[in-house]
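Order of writing sets the labels: A, B, C, D, E and F. Residues in every chain begin at 1.
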Amino acid sequence: MEKYQPLDPLVYPRFCGVRTFMRLPFAQNLKGIDFLVAGVPFDTGSTFRVGARFAPSAIRNASITSGIDYGDLIVVPGYIEESYKKIKEQVIPILEKGIIPVLLGGDHSITLAHLRAVFEKYGPVALIHFDAHTDTWDNYFGQNYTHGTQFRRVVEEGLILVDNSIQAGMRGSIYSKEDYLNVKDLGYEILTANKIRKLGIEETAKIIKDRVNNKKVFFSFDIDFLDPAYAPGTSYPECGGFSSFEALELVRHLQELDFIGFDLVEVLPPYDSGEITSILASTIVFEFISLIACKFKERKRKKLN
Amino acid sequence: MEKYQPLDPLVYPRFCGVRTFMRLPFAQNLKGIDFLVAGVPFDTGSTFRVGARFAPSAIRNASITSGIDYGDLIVVPGYIEESYKKIKEQVIPILEKGIIPVLLGGDHSITLAHLRAVFEKYGPVALIHFDAHTDTWDNYFGQNYTHGTQFRRVVEEGLILVDNSIQAGMRGSIYSKEDYLNVKDLGYEILTANKIRKLGIEETAKIIKDRVNNKKVFFSFDIDFLDPAYAPGTSYPECGGFSSFEALELVRHLQELDFIGFDLVEVLPPYDSGEITSILASTIVFEFISLIACKFKERKRKKLN
Amino acid sequence: MEKYQPLDPLVYPRFCGVRTFMRLPFAQNLKGIDFLVAGVPFDTGSTFRVGARFAPSAIRNASITSGIDYGDLIVVPGYIEESYKKIKEQVIPILEKGIIPVLLGGDHSITLAHLRAVFEKYGPVALIHFDAHTDTWDNYFGQNYTHGTQFRRVVEEGLILVDNSIQAGMRGSIYSKEDYLNVKDLGYEILTANKIRKLGIEETAKIIKDRVNNKKVFFSFDIDFLDPAYAPGTSYPECGGFSSFEALELVRHLQELDFIGFDLVEVLPPYDSGEITSILASTIVFEFISLIACKFKERKRKKLN
Amino acid sequence: MEKYQPLDPLVYPRFCGVRTFMRLPFAQNLKGIDFLVAGVPFDTGSTFRVGARFAPSAIRNASITSGIDYGDLIVVPGYIEESYKKIKEQVIPILEKGIIPVLLGGDHSITLAHLRAVFEKYGPVALIHFDAHTDTWDNYFGQNYTHGTQFRRVVEEGLILVDNSIQAGMRGSIYSKEDYLNVKDLGYEILTANKIRKLGIEETAKIIKDRVNNKKVFFSFDIDFLDPAYAPGTSYPECGGFSSFEALELVRHLQELDFIGFDLVEVLPPYDSGEITSILASTIVFEFISLIACKFKERKRKKLN
Amino acid sequence: MEKYQPLDPLVYPRFCGVRTFMRLPFAQNLKGIDFLVAGVPFDTGSTFRVGARFAPSAIRNASITSGIDYGDLIVVPGYIEESYKKIKEQVIPILEKGIIPVLLGGDHSITLAHLRAVFEKYGPVALIHFDAHTDTWDNYFGQNYTHGTQFRRVVEEGLILVDNSIQAGMRGSIYSKEDYLNVKDLGYEILTANKIRKLGIEETAKIIKDRVNNKKVFFSFDIDFLDPAYAPGTSYPECGGFSSFEALELVRHLQELDFIGFDLVEVLPPYDSGEITSILASTIVFEFISLIACKFKERKRKKLN
Amino acid sequence: MEKYQPLDPLVYPRFCGVRTFMRLPFAQNLKGIDFLVAGVPFDTGSTFRVGARFAPSAIRNASITSGIDYGDLIVVPGYIEESYKKIKEQVIPILEKGIIPVLLGGDHSITLAHLRAVFEKYGPVALIHFDAHTDTWDNYFGQNYTHGTQFRRVVEEGLILVDNSIQAGMRGSIYSKEDYLNVKDLGYEILTANKIRKLGIEETAKIIKDRVNNKKVFFSFDIDFLDPAYAPGTSYPECGGFSSFEALELVRHLQELDFIGFDLVEVLPPYDSGEITSILASTIVFEFISLIACKFKERKRKKLN
């Protein structure tokens, strides 16, 4: 899989070059590739801190290894529905070619647009959602589309197989018991942060994989799954979160699933310090790409047999 | 005018107390006052850096002297037109009582909503606009409402007396000569940064006052009128701007005008350093209040005679 | 308990409004309430880094949920004994009404003043003290009152029931074995960081509760109980501390105690990054308020039976 | 004057070595020297932002050229009067040897202690005071000793020749006309920022020198004389101040005076950015040392003739 | 000159896209273009602060307008002479095609390599050098190649027409009168910061143009020409420098010269705040490109006549 | 061991005094001491982020307890081989007197120079190497000497007893299985981060001690052994690392070994936040000194028996 190799940092210093993700070739044609990384610099859906529009650039700056970088999708700052429309229109042709998109948000509201595109290609899919919050409110300030409502919308719009979908990492003071019941009413399984700590990483991974049950699956990762000490640059930091080791370990345990799309959202460079959030985000995306590589390797192995 | 006195910092330490602007009493009734300060934490109209939603709080933190602080106007983050509607509805009752609002933005797009409210009370008014940019584009990304288009909209909607309106401080690489002609076609007088430097502060003030010509006047101040060295916390920093001394001096020279509204916009706390932008913003607002005090003093003096 | 509900962030954006703690109503009368939150912006007692005078404001900015916010107590910067006197005088009327004060320091020396007020109302009480340091030196630079001596003073002045008091979280290179013996000589039980790690959270909580033994209890929490990675904004950061999950978990396990006062001290905003220390402090205070809510609920339940 | 030469940065890299001021030899004996630099890391007198206790270290880090560095004077954090006593006791032996002390504050309240020591050696002296504020309040929070009252105290205690003393640089919103009259009542001449701008640098320098009139003179420099853009790291930043060029130019114009002491105060490293305040402070101190060198040169020249 | 137009920010948001300079097309072929921008992320020559290796990326991030961006030249971090060799080899083919390179440093030592390449194409050229320092030391720490020695080397190696070369902006405490004589001995004309202030911008520009006298000219701009308030992110900040207005104004006055190369050096992102240094650097480079555009326009105009 | 006592912070405030490590006496003679701390402000070997030249000063600023501080070793910024030569020449006389040097880097490439000096005195020694990376590449950009190649060089030059040497903490995305095999081919034992987590601290310490097997041992500690949340100020941050508690605990478990040298490298102050990296580095060095104290105590005890 030569295409996915990083530029050799032993030859070309890591700080050299126009910043693409992992210094992958920057390209906007879609021939002969298996995945691509693209930014979605959109934060109009954010109800608290903003600045996620600078995340794709910051994550690229922090990234260090390989694929193609597709640049950023065009959005319309200040206009949510127009942006959703544009995102969907840009993602569909990528999916049509069988390419797996890895989108760098942007606020979490973009996942709705992304899943609308996925639905056009694959119909409803399973969802793995890592986050400190469920993002299943009915509305915010009377509006349907924000970064706190999209995981209710995706159920209502029939975009996901909710019986194969699961949310993990929820915690924090703003939830009552009713909130979690609420999520279950929508049909999701939910693993709170407390529960994950009791289960341990391996058992948690097993539950997730059982839930997905070999369905095509979309993985949405909100950086606030991690504790603010590890990821200070985010919009709604929530104390009591996971360490980088725990998060990476959990992602690595999800290897055999049939992933068809990813996003990494809610990185806010203006609140980062020492670039640690961007570095961590870029490491998580690297693990996503490893999951893709594993999938294609497995597929190839099966073909050979 | 006892009401406008600050809390005595010789008795009550400056860092004590819930942060209201200049530690004015926080109040939400509108009886017996001449002006109020209110925040408009809105930045959905921003086409580049965001974070102005945190400006009212930061400017309050940095402010040091007196009035009532009305808190923040309610907005709908992510929804421009709904926000305009809400801002207008909240400002109208203030104006109806003859109170002069001093709004702390927020991105510059809020001035359109503010002027729509002003129009309901006073009809069209003169406009003084300090900024590095003219904000008179026809649209951004195909949309009418952003922080780069509002000063075309206010002309189109007939909200201002354009023959008595003037823009000052424009500079920067993104303008061609056509842009400035454009502004003149709309009917504005324009004083570029270069021209102001040639004229000097006193002559500049004279031109502005002549242009306004005793009409009721609205003063809109974009913090990027100042050089980024003095105001790093802003959305579109533009090099070659004014020093704090020059800006304050110019504001102080506008004393005899009949002001009926003010705003101070485009402060972005996440990009500030050592709070210098917020401190400067709060000093400018203090000068606004001095302009109001002068107006009422003058009026009282005239009544007595 | 309608009074303790937060403003609804689904209606009123979280960044809107004058900053009170959890956007509780700002009020300075003491009728009909069970607890209040008040700042004590005092750092004259600090022997190393200073800046805790800005902590109440920063913690308010970071807080997100409900009660009344009583504003800040008046202090006399630069004058320790005068400040103690003023703090005590302001806290006594609060306690007289049966209200539980939650004070936001300020440096840790304020606890002495707070406990002097508590003594006036309740006589000696039990003390739970979370900290990286014991703060039981005899004097600093020949002076009795600093943020390193107050927990010797409270014993000497008979303000606490030392046999029901316990210190937890101590670590760091500046202690010799003699120091800890010293603390025991004063009568405290001490749980060092190492010991807590061996015991685990549940066992630690059990030991604390057994020690308190149903006495009325005061909870003093120094933010440096946490590791500097989680709380960089503090005056004497000490490596090897607890994670936010561990700290919150431990606080939550202290539910059935008869709390009559709280403080959260040593937050230094000038050394914070991405506001993570303030956010964490505000989350801990939220847990304090939950402990109060539990206490009143329990009391009500008992009355009903 | 070999003793005052800096370490040669062409041989020994500028970032090498234990940080003394300008990498002067660190020494605590007082033989055979003409001046010394010493820190006074005291900020208990500060009524707003704190952190000046870290200024001597930060200014040393930023300094780049030569003398002896005497280390820091011992102070008692949290105790103003004890600190004044200690400062005075430590400065007297320096003055007794005819050495000119250059003190790095610390908050501005230390000047009172410094001038008390100067009085013991020389009796009353002239004062040049550069600052945004007059620091001549009667008291703060009912207390006599703070960084806002010391220039009233030095008059009351007869420490200065007020008829030969002058304040320069005052500006900002917290002064009424009465304040400045007040200062004149105390006997000072005052040059506000506005007046200095009208006079220009050369004329301003002439007025200062005329006022001092060959008396022995003490020079007290508050870093907030400069605009916050140039010196963000300070306790009471005041917009509309001077540029670094203007400040340095003015200091250089004061060459022929008979200086017997200096201080540079109110630098707050926690609020600095990119060390620009510390670098500027160290450059000003370098100019102080040039003024001393000029004085001794002049004296030598006179002896030879 | 369609090729040099920026992407239209009214269509494509300014924060979108892989970061090239002014979002020019990224390209590495050299056909049909008049100039290119390329980074030289090298800081091994720095004798004080380091980090200039991140400047090309930061300046790109801050740039906002148009050309081709050639990416970064390859360098060998830690190895000065090897890096010089590589830089020269990469610049020569650019010059051979008649393209004007605009290099984004990197520390100032890279100018030596750049001028060696220029010499191969054009022979000796005139030099305009804006800087706070002369960079004409004989050696640093016994080494010939550092960012403090290159402007002696270029004379010694015969790379420039020293009689048509000029240095401007020098100031600071580390120079004795001998230093400046020294520079004159090398043959340079020198305009110190003080002298420029006396001459004014227009007269200064005239002297520079007279000196260059229609020779082919190379323009080397060290960002520390500006005061640290305007450009905090640099390696040797020197107080008392120019404002952004003064610097931009001076550059704009150099329009009719026959430029054949440019560099902008000594930007250090890790010391920047609010990106103000990078934004200013990108604005200066934009002015460079305007100078190139003027040159080609003039040339075209002459051809037509 | 009176000499190793810290200045008493109960008498002399922690922020007072010229910054030496733990405020140990600054001295440059080598009589009558057992160890010394010295800085090596060198970062020319760094292939990614730079700024380690400021680490000795920052670690001193953050250190809090006692020995002699030898100042900084002289280096030649920009020249690797010359610097190695100078470091070696300066370390040899220290070792000759039986003194244990504790060097504060600097980038990790300095360990090669340090071990060359050690070899002169002791011949080959065992090596304990804590790091996220193995630093055993053959070359970087075709060069032998960088901070990524030194642990191959020390084997090739025969400076260490590779059979008694061990690397610990390796992790991160840039390694393939081949890399680790590679390290084993060189002869090292390697404990990856994953393996350490499985083994636990005590078992890990046991393996390290068994490997060293009473040989004289050199301890090289790269701060990136810790997770970026704990040590953001470093050159190649690698997610998924250890907490401060885990790292300190592991160091403390290495007590009975015969240490003859230490270094602590790759601290980068420009990327630190709230000084947490420097504080942690200074705490680790304090633990090094405790290991030395234990060694001498043990030796004394044996002599007595």
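Simple rule for what comes next: a residue touches a chain if its C-beta (ideal position, glycine included) is under 8 Å from a C-beta of that chain, and two chains touch if they have at least 3 such contacts.
Please read all numbers here as calculations on a predicted model, not as lab measurements.
Graph distance from chain D to chain E, where chains that touch are one step apart, equals 1.
Shared contact partners of chain C and chain E, listed by label: A, B, D, F.
Counted as hops between touching chains, the shortest connection from chain A to chain E is 1. The mean-CA centres of chain B and chain C are about 41 angstrom from one another, to the nearest whole unit. Centroids of chain A and chain D (each the mean of its C-alpha atoms) stand 56 Å apart.
The multi-chain contact residues of chain A, meaning those touching 2 or more other chains, are 13, 15, 47, 49, 53-54, 76-77, 141-142, 227, 229, 243, 271, 273. Chain contact topology: the protein chains form a pattern that is neither a line, a ring, a star nor a complete graph.
Contact between chains, using the touch rule, shows up for A-B, A-C, A-E, A-F, B-C, B-D, B-E, C-D, C-F, D-E, D-F, E-F.
Partner chain C is touched in their complex by these residues of chain D: 43-47, 49-51, 53-54, 76-80, 82, 109, 141-143, 145-146, 270-271. Residues of chain B touching chain C in their complex: 12-13, 15-20, 26, 39, 41, 53-54, 57, 60-61, 69, 71-72, 74-77.
Across the complex, chain E is touched by residues 9-11, 13-15, 64-65, 227, 229-230, 243-245, 248-249, 273-276, 279-280, 283, 286-287 of chain D. Per the touch definition, chain B reaches chain E in the complex via residues 47-49, 137, 139-142, 148, 173-174, 193, 197, 227-229, 232-233, 237, 239-241, 243, 271-273.
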